[in-house]
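Two complexes come next, and they have one chain in common, chain A, joined by chain B in the first and chain C in the second.
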Partner chain A sequence: MYGFEAMTFNIHGGYLEAIVRGHRAGLLTATDYNNLCQCETLDDIKMHLSATEYGPYLQNEPSPLHTTTIVEKCTLKLVDEYKHMLCQATEPLSTFLEYITYGHMIDNVVLIVTGTLHERDVQELLEKCHPLGMFDSIATLAVAQNMRELYRLVLVDTPLAPYFSECITSEDLDDMNIEIMRNTLYKAYLEDFYKFCQKLGGATAEIMSDLLAFEADRRAVNITINSIGTELTRDDRRKLYSNFGLLYPYGHEELAVCEDIDQVRGAMEKYPPYQSIFSKLSYGESQMLDKAFYEEEVKRLCLAFEQQFHYGVFFAYMRLREQEIRNLMWISECVAQNQKSRVHDSVVFIF
Partner chain B sequence: MVVDHETPSLENGQTDKEVEENANVLQFMDSMDAYLTLIHSLSSTLRRGWLELASARHSMGASRVNTVLLDHTSHPAATSLLVTQDEGKVDSGKPHFTLCKWASSSNENSLLGEKQSSQDKLHPQLRHRGSTELCEEKTSSENKASREVDDPVQKERSKSLSMFGTLVSPKLRAAQLSFEAALETLVEIANMRSEMLCAFDQVNMKLEGRKDEK
Partner chain C sequence: MGDRGGGCCPPMDLFRSEAMQLVQLIIPMESAHLTVSYLGDLGLIQFKDLNSDKSPFQRTYAAQIKRCGEMARKLRFFKEQMLKAGFSPSAKSLGETNIGFDDLEVKLGELEAELVEMNANGDKLQRGYNELLEYKLVLQKAGEFFTSAQRSATAQQREMESQQMGDRTLETPLLREQETATDLSKQVKLGFISGLVPREKSMAFERILFRATRGNVFLKQVPAEEPITDPVSGEKMEKNVFVVFYSGERAKNKILKICEAFGANRYPFAEDLGKQALMITEVSGRISELKTTIDAGLLQRDNLLRTIGDQFEEWNLKVKKEKSIYHTLNMLSLDVTKKCLVAEGWSPVFATKQIQEALQRAAFDSNSQVGAIFQVLHTRESPPTYFRTNKFTSAFQEIVDAYGVAKYQEANPGVYTIVTFPFLFAVMFGDWGHGICLLLATLYFIVREKKLSSQKLGDITEMTFGGRYVIMMMSLFSIYTGLVYNEFFSVPFELFGRSAYACRDLSCRDATTVGLIKVRDTYPFGVDPAWHGSRSELPFLNSLKMKMSILLGVAQMNLGIILSYFNAIFFRNSLNMIFLNSLFGYLSFLIIVKWCTGSQADLYHILIYMFLSPTDELGENQLFPGQKITQGFSSNLIFLCISFQQVLLLLALVSVPWMLLPKPFLLKRQHENRHQGQSYAPLESTDETLLSVANHDSHGHDHEEFEFSEVFVHQLIHTIEFVLGAVSNTASYLRLWALSLAHSELSVVFYEKVLLLAWGYNNIIILIVGIIVFIFATVGVLLIMETLSAFLHALRLHWVEFQNKFYEGDGYKFYPFSFALLDDEDD
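Entry: the complex of A and B
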């Protein structure tokens, strides 16, 4: 019953909530980012990160460093923390934690299928998969020729199986079908996660509804912008939007017919939370839209920690860490390419 | 006052020679200046392209913008380079490089587009009084042709990006345009280098000729 979580939550979730709040305290601060932005080389970045929680993961990496190495090692830290929390969790928290990784699972499936279509070596593809999205039979994906086989041979025994009902066809896998498959799977996953959180009820449902609705709306905007000028029809575009969120259903109707970024802006500015995002951009510009959406997301994720006794803190922590890794990736790229003046184009401060 | 009529013609002969030598030296220096300018332009275009690619990876995620997604199946090249020799000129043997962009399936259209744009550069559209209608018809048909050229070019661009997915970020498209511009600059550099080396040979020949005379 909503309001009484304080009486029972700590029995099963208290330890892990304390753990995740401790991890949150280890997120990089604005001071850390300022120091990192002043680095001249990737070795300087490694030196600054050695004083943070990433230190043990980077200390044994030999020079010369690459940006991908920094990202991989920082991701390993997140994976270790996640696995520790997962093995300590009981139901329904363990299912909630597993839901957080299904997005990465979908990305890995699409990576393997696309890479196989391009005649790439499976081992090479497996090395590039996100560790949070790995499952036992992932390597078998390479033998599938169409989505029916993909489902029947591999995915029927994975958590993604229920999401395949909307995209099973016997058509051979090609670039367009794979893209539609990716977005259809992600849509189904988000809707399922949303329903699960609603079933949990209480503060978890309230906080996660807001976060997942924002995710669905952002996806809708990105799908619209990325499909401008492509062969994706309006109907196909509409089918990829999730069936929840602030933009559902009237915002989706307007987005489905947008032909340029200004029309997208016109559709989004009718919604006050997104008006503030688009007000930061000049007309015709979409370069800074990603950063504006990330900033809004970080604000909402930080607010999740203001309340206790709910599972939203776990989701918020994972997303904040992923944002931090994106920041480190961007800083590393700017340093490696000697473009430090562009560092603040995409870094989103968390604190 | 004795007027020496022979001296002016001798001076003219020497002057012509000097003028020719100066022209060769100027041509060499002009081509070198253009070459260095193009190198600088290439450097800044590539820097922009690499940053846009990093920006696209930041936006779409490392799993979507990745070297493992590059297509290893055999397929026709989207762009090819044509090397010809300049014949019938004094400096024959000088190679000339031409980029045939997006030539895999829309070869005729792309070449048509290039021909039209090069003709436009050579013959700027002057307004002819009394034949306005004809001009307007010609302009609208050219616009239609350029739109028709643009659509297959856009399709080829999207096709080459499709290895990263069909719904890609505008940042990845911007990176593609930057690298396309860099490729064009590379071909210009090759042609300019060829001209520069040719001009250098001319200057060298004249200098050696002078030494022999002495």
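Entry: the complex of A and C
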């Protein structure tokens, strides 16, 4: 397979690869971020964004803006682009593109279920869902009382159904359960996606396995850190780690027994790629870990564009755009709440 | 550079771009807005962005721009509303009613608020109305299946009872029924919910209901015939009326949640028939009530929109103008004292007076104490290129600009393109029948010019319309060349007298030309019609067209070289045209001589042997005395034995190093001289230069390091390109012949194989079909496709063969700040 995708890739994928590379050129640059960080009001942000690709999406918004409007409109742009690409895609690219959205689907399911558990209004919850992860009967999730019902009523029709095999229990839903469900689903999803990419072979497999392995490892670290001090047993924790990635299997063994953040650090520093991430943090600190991981991810995603004839660019583009929207959200929030000093805390420059 | 253009040659608008100057305006703050507005009306100055390092919202007038953006948004909102309501903003302008910027903003705000409120009210009413409509539908449909169910149930019951009780039923039917009814209500408490669900979701709805209640529901659905407006989204969609029967409170809760999740609107429904009828009449009454209210609201809204529509265009223009004014103001730099703005920009020299007038007018009108200061700056930056074109020349200028915008004051091929482009096209498209067709088509555009230019056309039509004058010229020239080729849809006519040839005897219908004898004077204009259809037609026309294309090509390339000579004089550079002319000029010369003398010499032979064996005898191929033999009358002994041809060959060979060598050395010397000159610069101009240097530090210098090797290599490449280009470009002009041949042959094929063939059958239907096919083939293939291909080839000949001789095309266009251009930017 290696090296030969260049011969046939462009028959089906060439157009879309060109499209996605064109979209990538529209990502905000460091100068854009610098300008955005200097904005005084949300209107300033709107004005600056109107000179970028977000312009048409924001220009018809009446003036007292809210952060949510900005984020909503920017997400809308991403969704429009995604839909356009999905319309044009043929197999196996269309399946690949659909895989990208499953993560959002899991998040949406968890969001709705948690929301109904806390007796929020369904409509309000629906508005908070990521539009990429919507499916037809998502609102019906509110009806379900336990995992089994959840599966039997709604999820059996969705692409998430196969991932559910491990978490069908009759237990009533509670916060802990839901969180475990999210991670189990995610694990199954990542493994499935990984397998799918391996099946595609060629440069796609090579690049995607790297990106997905990073994702899996990051989730493993996050699960570990978040489960420290909870009643989650070591074996249960171990079960939530995805069965691939750089940390698999020996790193997982070590992570499973970690009791505090410094032990996690000790376990991770044995792996050179992660050593550089942890070396940026001071001991006992986990706040900045997210940002460090995001930065590393963005770096890897950008590298995916260096190679041609593979599907990794689509994944990378979607992820970069999402990161950009996160950045915009953070900047707008900081501007709206007059916390401009903290603006650089969470912004990850893409270029 | 600016003052050099006017001196040497008479003013030629199109040949050299307008002389430009960099001007500096110092405008007092209070009159800035008016000044820029007047300058925008004038449209002859291109402002430079002096604040390019600042982001948009850090600039002086960011707030105003934001306000303009907000107003533009409101106007877009109005437009959208008007389109929704179904009328377009009227194009009539009521003249300039001078409404102030601030007043306009307030007014727009008020109107928007009013409109939004009206819309909200209208939406509320509409929603209620739609709900009632849905309700009515539910009542009707659900009522239908309740009654039908009841009917079948009673029928069943009757059947059962009649089976059970036989003839006794006749006696006490009423009591029985009552009893069974009360029994039913006691036994099972079946509740039901009725409503509407979108049709595409109905399957999923049914499935989920089934799963959630483990099949313990009964769902009945009836599709509503016509699409219904959904009260929530306000969109028309197909819906199903449903009734769900369930038992138990838990099931009810679940069903309610599912209904909510699916966006199914529920409506209360009474089982009782009488109540149903009552509700239907009540609902109908309310519907008609609401309808009148909504209509009244709509009328009011339409009135409001109409008043907006009357002034919409004016406001829109006003807002656009304001926005562009503030954009321009943002490009000006603020003086230290914050009392005046400093503007820099390019303007044509001829506009100086107009600009100054505008400045004075602005100062006067804004009651400013100080007028704006206008001064010309000196700079080394190359100015933008500006050609004053009219509607006729602009299309031709665009053909040139598409290749590259001319360097400032470079010789502009656009002037010559006006004639050469249509002419070269016509050489390939020579047929006066087709030419007339094209002319008619383009005359249609030209006659309706006024009307068409104001409306939006399709992509292709727009392009054709833009090039209408080009096409007109092309068609005129094709009529001319068509007359020269003597072809009218490939049929020759004896327009200019009778053919010069006639048959030797009477029975020679398709005789060759050899069988003909010349009986009259030579045919006065164009090709003799007798050639047509003869056996030697093709060789004759080929030879004619081939030689003609070479002549045209050499002529055009010579024109290019002459232009480069003009450029060289203008920019004080140096160069040469010996090479091309010593070979191909000679060939052209030979062709003309041959035509004039009627010799039968073989030109290939002459030219090839000129290279291979320059000293051999020419024999029968000799065209004129002295071509080969010594020029005896020359007194110089050395030249005695060198023939004319050898002189030319020698010249060609010498011209190569002549092209290559002197230029780099000359440049080097110039450079050295300049450097020397610099160290002893005259003192008088120092003040000015200091000033301009101070002002234009950022403008960059073109005093680069002079590298001899680089210039030399550049010149080497240029020389090689020129020598090879001379050969290949001349060959390239043969496309004129090839396309012209293809065109005439194609039209012959269509004429003979379609029209004449159909004619030959003597059948009216076949004839009609034949004519239709002929018309379509002529229009589709010859008029459209051939026009395109000939156009493209003419374009190539201009861009590649002609313009590479002299045209740099690395300038940039002059984009003045002008209100007249605002409309074009409209999305």
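Rule of thumb we're sticking to: the second predicted complex is superposed on the first by the 351 of 351 C-alpha atoms of A that agree within 3 Å, B and C clash if a C-alpha of one lies under 4 Å from a C-alpha of the other, contacts with A are read in each partner's own complex, and residues count from 1 in each chain.
The rule is short, and it goes like this: a contact is a pair of C-beta atoms (placed from the backbone, for glycine too) under 8 Å apart; a residue touches a chain by one contact, two chains touch by 3 or more.
Worth saying up front: this structure is predicted, and the values here are computed from it rather than measured.
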| item | value |
| --- | --- |
| Greater residue coverage of chain A in the superposed arrangement, chain B or chain C | B |
| Partner chain in contact with A:R182 - chain B first, chain C second, else both or neither | first |
| First, second, both or neither for A:Q59, with chain B first and chain C second | second |
| First, second, both or neither for A:H48, with chain B first and chain C second | second |
| Which superposed partner A:L153 touches (first chain B, second chain C, both, neither) | second |
| Partner chain in contact with A:N108 - chain B first, chain C second, else both or neither | first |
| Partner chain in contact with A:C39 - chain B first, chain C second, else both or neither | second |
| A:D217 touches, of chain B and chain C: first, second, both or neither? | neither |
| Intersection of chain A interface sets (partners chain B, chain C) | none |
| Residue ranges of chain A in contact with chain B within the complex | 68, 71, 107-108, 110-111, 114-115, 117-120, 124-125, 128-130, 175-176, 178-179, 182-183, 222-223, 225-227, 229-232, 286-287, 290, 326, 329-330, 333-334, 337, 339, 342, 345-346 |
| Residues of chain A that touch chain C when the two form their complex | 35, 38-40, 43-44, 47-48, 50-51, 59-63, 122, 136-137, 139-143, 152-154, 157 |
| Residues of chain C that touch chain A when the two form their complex | 55-58, 62, 65-66, 69-70, 73, 76-77, 201, 204, 207-208, 211-212, 254, 257-258, 260-262 |
| Chain A partner contacts - residues on chain B that touch it in the complex | 47, 50-51, 54-55, 57-59, 61-64, 66, 68-73, 154, 158, 162-163, 165-171 |
